[in-house]
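So, here come the structures, one by one.
Same chain, two partners: chain A is paired with chain B first, then with chain C.
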Partner chain A sequence: MHIAEGVLSGPVLAAGFAVTVVGVGIGLKKLDFEQIAETGILAAAFFVASLVHVPIGPANVHLILNGIVGLLLGWAAFPAIATALLLQAVLFQFGGITSLGVNTAIMALPAIACHYLFAPLLWKSPKVAASAAFACGFMAVLLGAILLGGALFLSDENFLEVATIAVSAHIPVMVIEGFITLFCIGFLKKVRPEMLPGKPS
Partner chain B sequence: MNKRFFLLLLLLFGWGFIHCAPADAHRVNVFAWVEGNTIYTTSKFSGGRVAQKSLIEVYDSRKNLLLSGHTDATGAFSFPIPKIDDLEIVLEAGTGHRGTWKINKNEIEAAQGDQPSEQKSPPSKPEQTRTTLTERSKPQDCLNVSGKSPETTAELEKFIEETISRTLDRKLHPLMVMIAETRNPKPGFREILGGLGYIFGLIGVAAYVHSRRKP
Partner chain C sequence: MLQETFISQKSLILGLTPRTRTLAAIIFVSVIALSNELPVLLLALGAALLLVSVAGLDFRQVGRRLLVLSGFLLLIWLILPFTYQGEIVWRISFLSVTQPGLMAATRLTLKTCSMLLIFLTLISTMSTADLAHALHSLKMPAKLVLLLLITYRYIFLIEEELQTLQRAAKVRNFKPGTTLHCYRTYAYLLGMLFVRAAERAQRVHQAMLCRAFNGRFHSLREYHNRSQDYYFLALVTIIALMMILREWKIITLPTLL
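Let's turn to the complex of A and B:
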């Protein structure tokens, strides 16, 4: 889901940076001290997740983990994902420096959307909570793939075609991330429920 | 923090390390070289899978599109030299994946020099120089080579230079291909640990800044 250098047009790159700067700003402002360690650890997990290759289907895809990062961090997902992507661009040459803004927006916006959509459901009945956790991992990747299609479309490519390719290539990842999120949330609920957002006191 | 939570994280990172060996897409690499009048390209994802049916575009130094085509099932695509210029070969492997490779004008010219049939450097010229060389090899002439006819000496120098560079090109070519094949950069432990360390360092900085603010 990393867009390389030189693919996108100038305005799209600029818009990506604008969104990312605003998102990172909000994220850092909302980040309180207790959340710093959690943010860092999730940023590290996100950084490593891209190396986990999913060898299913025709395309080369990898884990993204933006769903669980967004679910646990909320707006702090923006700085976490931006940092991890910057390091991926510098160290792995995944994506690129100029496309960093767009790539961050593509992965962080769905993360935050999923936070607002699914975090309130985590403390409902176990079935609802489990479905919400799965849907969170699933939807974050799906929305990311659609945004990827959108970014490429704005730079002169056929939206439907690119989005279809991106979405279909990521279907295995969506399912796997759904299960990862489901497992992690179930685990955290038992072990460290205070890490989950919106815990009724 | 809970021990079990750390164990989970450790497992996740461990999984990442195990899987990073046959890594992934994110990057496509295109490599191109000249042989005679043809430019050959191969395209690969950074994990080693070939980029099939991907668009290749060739641009000159002024960014004009010269030609385009698609890679075959083995990721290969070749085309005749469209122009003697610095060429940029761009691979578009879809959904934002893109790789580039530059071929210098010199490389094209040198490779074309290999071809005797090429109209650019007709074979008559080196042969002429060669006869001058044999003529000049008489001892008395050799003494005043530089003084008598600088033009011929310059030609001779040029001939030697061309021959050497051509031979070197030919000898180095397989080596170059080999280097490019192994050059396929994959993130290693150093990069991964470096990145993780950087992130944990940032946590430290944030904690430090916070502790300074609230004594």
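Let's turn to the complex of A and C:
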């Protein structure tokens, strides 16, 4: 989920950078040197996990996982996602310098929103927890796709059709991310509950 | 699977410090992102191609990286010419191709390609450690630089771990398909990847404490600006200024442009 270089207009790029600078600033402030190694290595794990291609019918999609990133890292998701996107740009030329702000905001804002919405529900009754986990994966991609479409449309009203296609292409990804997040959270609950936020002691 | 294709190649560009290259890339790419005039974009593409040839990159590898953009550009060319409002140049039954639509698609293609080429020659040719230190000298916060270095350091190890897990699944006759079982398997596999990453993080953190880590990574290589760095930056600034002035229609560019 990223927008290539040279597509967006100046104001949208500037707004993206403004949001990202604030978000990364808050994330870094909450992150002390004790946690840097953990955040960096988890960011590396998410980077690698997003290389996994999951089949859907005859095609396959790669995972985004910003829902789980938000749950596990909280505000540190902002610097972690910015770092991962910079590395994607360097290693594979996905995205680039000027679109880094917008692309980070597209993935990180939904991650933070999902953290606040769904982290408190993870330790409720199994049914509630399972639906919260599914919704977390689903919503993170949905909100990201809406932001992506919005950034395109605000850059140029003639991008409406392109934006619509980009958003609808993400619908199957939302469902898959929902299931992956559901199972992954269930797995982490059994194996390493202390990695998840808000575990009742 | 993961590799840094462009690093080891020797070239004139490598004589410049990482800081110069990063700064030049930021200047170039920002100016191109804000430009819309066709002559300016042609000048940008010219500058980008010149950089690629001076850098002596393998053209086939560069072409392969440009293919990354092909899906997106195909989408743009399939949609924009038909959906823009304006003078119609071409009518195929109920579809009509408009002149502004064709122009918009052309501009987008020029912009994206030249920006990718510049990023490729100036940034992707240096190691990430050098890039991190260059960003640090350009006032990026120390914590973010550290995060970048650590993430980069562990990507390759964790990718090996992912391959191990995938191999283990394959040995147990796992075949990916559109089934809930497949998604559950992938989710557990990724969950395991995160658990191992967290455990590794604990060990790394303890090892860093043992070695009296004080929040600074030292680079083994020191870079100092030489005269060619100043010449290069001056050249980049002049080209960028020409682009800005032409964009604002203050000057006209000579010859073909």
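Couple of notes before you dig in:
Please note the rule applied: the second predicted complex is superposed on the first by the 173 of 201 C-alpha atoms of A that agree within 3 Å, B and C clash if a C-alpha of one lies under 4 Å from a C-alpha of the other, contacts with A are read in each partner's own complex, and residues count from 1 in each chain.
Here is the rule we use: a residue touches a chain if its C-beta (ideal position, glycine included) is under 8 Å from a C-beta of that chain, and two chains touch if they have at least 3 such contacts.
Predicted, not measured: the structure shown is a model, and the values here were computed from it.
When the shared chain is aligned, chain C comes close enough to touch A:34, but chain B does not. In the superposition on chain A, A:176 makes contact with chain C only, while chain B stays out of contact range.
In the superposition on chain A, A:5 makes contact with both chain B and chain C. In the superposition on chain A, contact is made by A:160 with chain C only, not with chain B.
Of the two partner chains placed by superposition, chain B and chain C are both touched by A:43. Contact with chain B, but none with chain C, is seen for A:61 once the two complexes are overlaid on the shared chain. In the superposition on chain A, A:88 makes contact with chain B only, not with chain C. Legend: residue contacts after superposition of the two complexes on their common chain; A:187 is shown touching both chain B and chain C.
Touched residues of chain A, counted separately for chain B and chain C, are more numerous for C. Once the two complexes are laid over each other on the shared chain, residue contacts for A:26 go to neither chain B nor chain C. Looking at chain A, you'll find residues 4-8, 33, 36-37, 39-41, 43-45, 47-49, 51-52, 55, 60, 83-84, 87, 91-94, 162, 165, 184, 187-188, 191-192 touch chain B in one structure and chain C in the other.
Those residues of chain C whose C-beta lies close enough to touch chain A in the complex are 1-2, 4, 25-26, 29-30, 32-34, 65, 68-69, 72, 75-76, 79-80, 83-85, 101, 104, 108, 111-112, 114-116, 119-120, 123-124, 128, 131, 141, 143-144, 146-155, 157-159, 161-162, 176-178, 180, 182-184, 186-195, 197-198, 200-202, 204-205, 208, 213, 215. On the chain A side of its complex with chain B, the touching residues are 1-8, 33, 36-37, 39-41, 43-45, 47-53, 55, 59-62, 83-84, 87-88, 91-95, 99, 148, 151-152, 162, 165-166, 169, 184, 187-188, 191-192. The part of chain B that touches chain A in the complex is made up of residues 1-2, 4-5, 8-9, 12-13, 15-17, 19-20, 22-28, 45, 47, 49, 90, 92, 94-100, 185, 187, 191-192, 194-196, 198-200, 202-203, 206-207, 210. On the side of chain A, the complex with chain C involves touching residues 4-8, 10, 13, 24, 28, 31, 33-34, 36-45, 47-49, 51-52, 54-57, 60, 63, 65, 68, 72, 79-80, 82-84, 86-87, 89-94, 96-98, 156, 158, 160-162, 165, 176, 179-184, 186-188, 191-192, 195.
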